Amino acid sequence: MLDNQKKNNVKETLHSKNKIVNDPVYGLINIPSKPIYDIIEHPHFQRLRRIKQLGLTDYVYPGAVHTRFQHTLGAVHLLTSAINVLKSKNIEITVDEEKAATLAILLHDIGHGPFSHSLEYIIIKKYGHEELSLLFMESLNKEFDGELDLAIKIFKNQYHKKFLHQLISSQLDVDRLDYLRRDSFYTGVSEGIVGSDRIIKMLNVVNDQLVVEAKGIHSIEKFLISRWLMYWQVYLHKTVVSTEQLLINIFKRVKYLINQKKDIYLTKELKFFLNNPNSDTSDISIVLNNFSAIDDSDILGSLKRWANSSDKVLSMLSEKLLNRKLLKIEIQDTPFEESKISKLKKDASSLLNLTEQEVDFFVFTDHISKNAYSTFDDKIQILYKNGTIVDVAEASDMLNISVLSKTVRKYFLCYPKEIDI
Amino acid sequence: MLDNQKKNNVKETLHSKNKIVNDPVYGLINIPSKPIYDIIEHPHFQRLRRIKQLGLTDYVYPGAVHTRFQHTLGAVHLLTSAINVLKSKNIEITVDEEKAATLAILLHDIGHGPFSHSLEYIIIKKYGHEELSLLFMESLNKEFDGELDLAIKIFKNQYHKKFLHQLISSQLDVDRLDYLRRDSFYTGVSEGIVGSDRIIKMLNVVNDQLVVEAKGIHSIEKFLISRWLMYWQVYLHKTVVSTEQLLINIFKRVKYLINQKKDIYLTKELKFFLNNPNSDTSDISIVLNNFSAIDDSDILGSLKRWANSSDKVLSMLSEKLLNRKLLKIEIQDTPFEESKISKLKKDASSLLNLTEQEVDFFVFTDHISKNAYSTFDDKIQILYKNGTIVDVAEASDMLNISVLSKTVRKYFLCYPKEIDI
Amino acid sequence: MLDNQKKNNVKETLHSKNKIVNDPVYGLINIPSKPIYDIIEHPHFQRLRRIKQLGLTDYVYPGAVHTRFQHTLGAVHLLTSAINVLKSKNIEITVDEEKAATLAILLHDIGHGPFSHSLEYIIIKKYGHEELSLLFMESLNKEFDGELDLAIKIFKNQYHKKFLHQLISSQLDVDRLDYLRRDSFYTGVSEGIVGSDRIIKMLNVVNDQLVVEAKGIHSIEKFLISRWLMYWQVYLHKTVVSTEQLLINIFKRVKYLINQKKDIYLTKELKFFLNNPNSDTSDISIVLNNFSAIDDSDILGSLKRWANSSDKVLSMLSEKLLNRKLLKIEIQDTPFEESKISKLKKDASSLLNLTEQEVDFFVFTDHISKNAYSTFDDKIQILYKNGTIVDVAEASDMLNISVLSKTVRKYFLCYPKEIDI
Amino acid sequence: MLDNQKKNNVKETLHSKNKIVNDPVYGLINIPSKPIYDIIEHPHFQRLRRIKQLGLTDYVYPGAVHTRFQHTLGAVHLLTSAINVLKSKNIEITVDEEKAATLAILLHDIGHGPFSHSLEYIIIKKYGHEELSLLFMESLNKEFDGELDLAIKIFKNQYHKKFLHQLISSQLDVDRLDYLRRDSFYTGVSEGIVGSDRIIKMLNVVNDQLVVEAKGIHSIEKFLISRWLMYWQVYLHKTVVSTEQLLINIFKRVKYLINQKKDIYLTKELKFFLNNPNSDTSDISIVLNNFSAIDDSDILGSLKRWANSSDKVLSMLSEKLLNRKLLKIEIQDTPFEESKISKLKKDASSLLNLTEQEVDFFVFTDHISKNAYSTFDDKIQILYKNGTIVDVAEASDMLNISVLSKTVRKYFLCYPKEIDI
């Protein structure tokens, strides 16, 4: 038993220690204290618990129900590791810079709304999710009396230590390192597993720029290929595309009905944005508060009401999405022939009793495109022992990374399963 | 290139094959075809995609957002493994029995509503989740022309091969084997990892009863202890208890307000159950359809509206839950002293400006209790090489399993964080 | 308690069941019974417990101490899975064919000696490891009264169901699937992780040829790239190459000393092969028995004696290898300049006091070469839903697999660390 | 491209960085630089690469071929983690103390010989492995000019910061944390998986004593039970016991033959110890050099020769061990009856044509005993938030840890498989 004086010291020790969070991917994660922890507790941030990272991807990979909240904590964890590695290599990073970089990664995704990859620019026309993240940061900065000044500078790449921005936003940032590993973990697609541990241990800084030591080149090659395979096996999986297109068409129909002055179920916040075309020019704090009040449950809840809507198109589309009666999708390298599309539209229109305008919500074509490595953006730089620095697209001699920089384009065509083709 | 005849054969081969689902826990899972797959596609079942397995536990373990849909597929996978092991040991299991057992495990949890462990008997007063599962099965049985006859018999333990029921519902069923492993996986609590693979390989049947071969006894010991530790680290984690109590109190308040004829936001289906005390005696198909239309998003959506309710108690409680401003909770082995409770109520009431009746929603005490192994229920039977069969509570000589059969009771006390104690 | 009759039945059930082995990579593995199990118990096979899969690679990756015994059991496990998948797709495989294929994979590596990749053709001049495997099979076939007839036919690709041979020996055989995953697991090099589970589920057979269903194409791409990366990160890692060269030079020196009639420590069996140039033309059963008596411990034991040899070259080389004082190695894309090599030899010779002939054991150059996919050997065939079959090198559109089929050649130069360059 | 000045800086940065080792269990491990790395390169330490951690356990669990070298690096890794956790809680640990503790854990097992658990006190009579470790440390300390002074003080528990010794040697030291996790990993016995990460994060120091924060109590419970199960599933698995007894009897026979002045194969170093009963009183550096020259390959090599010995007992025992023709073993809670043992000896003696004295090498009985937690040794102390400290045996209320402190004793009886019982 300790005397009282000692007990008090012990208590303080116990209370001053960092928060620890269990993460299925990395094990125990330390959450640094103020102001990081206070921002995590903020309603704007807690909201991310109710937004899935991969939207409706769990219709294909049922395990993929992880949230943006988890991803963000994971990215914070990787950033901490990366900063520790750099410091152990005598790169100077001050306590304030570390705090700022941590805040920047913590908030890098706060501008995401529900089903962001589908509904971005649909709920809010004016801003993409990165601009919204910045607006949220600026708003929080006021609330926290300027604590985020440096974080915002780093986020906007206006700080002279460029590598801090690169850690947060580049072709080899902790955002990608976390989401590839996490999405791979939750989907069960082992092709996406990334040796993030090894990559991070190989990071270094030369002239304020992030570089990877040459020993890590195979890990970088593997990282680029894993990302590439994840695109085609998960992010652009054809059933995922079909699901997202269904959701997009539902919102298109909702907007159409609003234009037609039809009475349609909308939560207060969705009404604010959809009903009022210029909502996003309002006082920014009102915009943010309304946006922050929307999460996955609002969309799912609305779908249920819309499934009972008197508008046949809206009710059919919503019912299909809710009960996973997805549209059939075909994918190919060239555009689909007009005659095939017309035929499908005609069949669908007679089968489902739809007008020519209505059938466009059920039969449509478009394309997706992607490259695995961009030679235009900030490059991934490889540092050799003799001090030379080379772009990975040239440095790689085992795999032809330059091949991965060409853009692949795929065309898709959706139509109701009921049509026998 | 194949000639046309062969091509057709190939096509058929490709189409007749089973569906495969990626599962983060077990890898690839085969989904047997008709009628299993048809039932998975049924809206009643698809609904399980929108119900989290562990309710609000992700407030403590952010990774724990997996759904009842995933758990059910996992249990189907383990059942298939178990049946294959038994068949390899020359236990006779017919194709029909296998199909029926698979249907029974597929539907064993279909009666769960959102946040089931908290809201069971609150949304529907009359039925627990097991009774509801049975009602759903009977309803689906009509729809599928009696395909579920044998499944229902097994579920109700009315089939002579008792081991089929035991695989589905006992102290060593595939339900528990899956949820312990899955909950452990998603929370990141390694204490709950269960060697389900080894346990299943040790299963056998004697006199139509499920037994475990003696070689597997340590795995059983480990299984019981893992389950026990999962109770105290996850299911009954004090912050989880505090979260669930908050949700329960919110619904108590809603019911109170309904009784007081206050106008309060309710979705159509919640209105059906909460507004109408005898709703559960209605035509069972109406009850089931209404119940099936409720999932996590309805509760979350309602919480957001209730957070803006004119009733102060409801809005405070809902806002606390939404933004994770949980009640503080203390846990101890003995009941809390009346004086301490009164003092807290008095403080809370003056601090939050609440009446005596209102303060009971914010300051309250109750208890939780649990044992790790029940000596009353169906026992776990160990089979020795000489043919004798012994209850694991006696067979275990390395760990004192009998100690685990005593019930542990813990008392808890909740109160607002704002009170300085 | 059971009556005696029943007890006996239980006992029989327990005894007739298969053997189960714990494997760190796959969990529990079933070992099929006779004659598989009897062959595993044979001294020729038990010997594989004392031969590491990756020779001296643990000098670079300390975890890589797994044995050929484990690898072989792992390959048996994958073969069983593959056969079950094919049978579930209605490919006819008889019990005898399954047994024969299992025996063939079980014995595919039995002809490996210690440090095989380095000492192949050095201990035994005449046979490579595959020919030796076949000789062992034929010898065991006599001992087991023709039980291996069909296994040998499959191994030699003389059986009409070509896919059975392809499962055992092709660019996508269970041998590679196991060793890539196992080597990756034990080295800790995550770049080599292969989704063997998924690949196996995608296997099919058309016209007696093994094919992969198109859904699995990304897994094949990943498999080829993982293998490629494993070559450069593990199998041809420069320090591994340097270690193997040291071992090879030790044996060259031993042979030289034998030719010079020097007295040198040799175990009975090494003496049989090294001392007697035509030993491999002896009665084959004597050759096999002598070869089977040699394992890693003989080489390590000899190294220790050789480290104390009166021959300076042998003692220096052996001491270096034993205590991991490896030669320095440089690797580049072009041959090394003669002048550099001469300079190094001169320095080494004066530093270590070596004659011109002796220095060649310490300073030398050579090359390694490899391609990731051979377009000459049996190809990996992709099966599309419409029945067409395409070589993966053409089918792959996401990755340029054809690039991987070009041969990469690297030159290396070894010299003692003591030389300051 | 960088100018020369900068290139030089870069080169230095690259060279000053720590060594990194891939470990299958923890991923990448940092090896601190001088003098740690120099000692790892010392032949005494490199020898640990050739000594398996679990001796002959791979006869039961084929994957368990990991070495003491790997285990030691793993323990170094966990120690580094533990020290970082303690420093983050403001426990003062100087650079010198950290280095010393690291050296102490690095060398804690250096006194192990091959098959240590079986051959301890058999090869060297006078010293156990811990005393030998200390002798090696003292010898290395001379070689490294006193660099190990503090390490030795900590190892001998003569340093005032007791927690440093406790981290290295106690009921919750990093030695146990690593070997349980590693042995579990390599055997594939999931029952032994330990949440070492969580335990380490919960460590703290009060009054120079190591304590565990109360939040970690379930992890400690799980740790003690995992260790307990590992004893009965791995370390004292009956087939492992039978294997070890065979090895011990072989050495007993060898010693007997030496006493009888029989000519028997012995390597130089084994001859030093076995042939000369007082060898261990010689000059300690000679003892250590001879001991250090012995590893697993010497024992395996000797077994092969002994299998051809003219002494029937030695050759039979050695052949059995080499080819895994193990003795049958029975285990029970009470001593075996004399009559049963006599009967078996009589049968064995007639079956194998052995004298009465010889048969004792083939038929024998003894016992094993173990407790899971010692209440006599240094206890595991739990620290509560109010500052009180309680022994885990009392603190645990969920599991009855005190039950685990009673000693379990098991009797075994071995006899040749050939006897039909």
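Just so it is clear, A, B, C and D label the chains in written order, and each chain counts residues from 1 on its own.
Here is the rule we use: a contact is a pair of C-beta atoms (placed from the backbone, for glycine too) under 8 Å apart; a residue touches a chain by one contact, two chains touch by 3 or more.
Only a predicted model underlies this, so the values are computations on that prediction, with no experimental measurement involved.
Contact with subunit A and subunit C alike is made by B, D.
Looking at B-C and C-D side by side, the one with more C-beta contacts is C-D. Put simply, the chain farthest from subunit D by mean CA position is A. Centre-to-centre separation between subunit B and subunit C, using Cα means, comes to 48 Å. Subunit C and subunit D, compared by their mean Cα positions, are separated by 30 Å. Touching of two or more other chains is recorded for residues 27-28, 198 of subunit C. By the touch criterion stated above, subunit C contacts subunit B in their complex at residues 1-2, 6-8, 10-11, 13-14, 16-18, 20, 27-28, 88-90, 197-198, 201, 204, 206-207, 213, 383, 385-389. Across the interface of their complex, subunit A is touched by residues 21-25, 27-28, 41, 43, 46, 49-50, 58-59, 61-63, 65-67, 69-70, 73, 185-189, 267, 293, 295-298, 300-301, 304, 322-324 of subunit B. Across the complex, subunit C meets subunit A through its residues 190-191, 193, 195, 198, 218-219, 221-222, 225, 228-229, 232-233, 333, 397-400, 403-404, 408.
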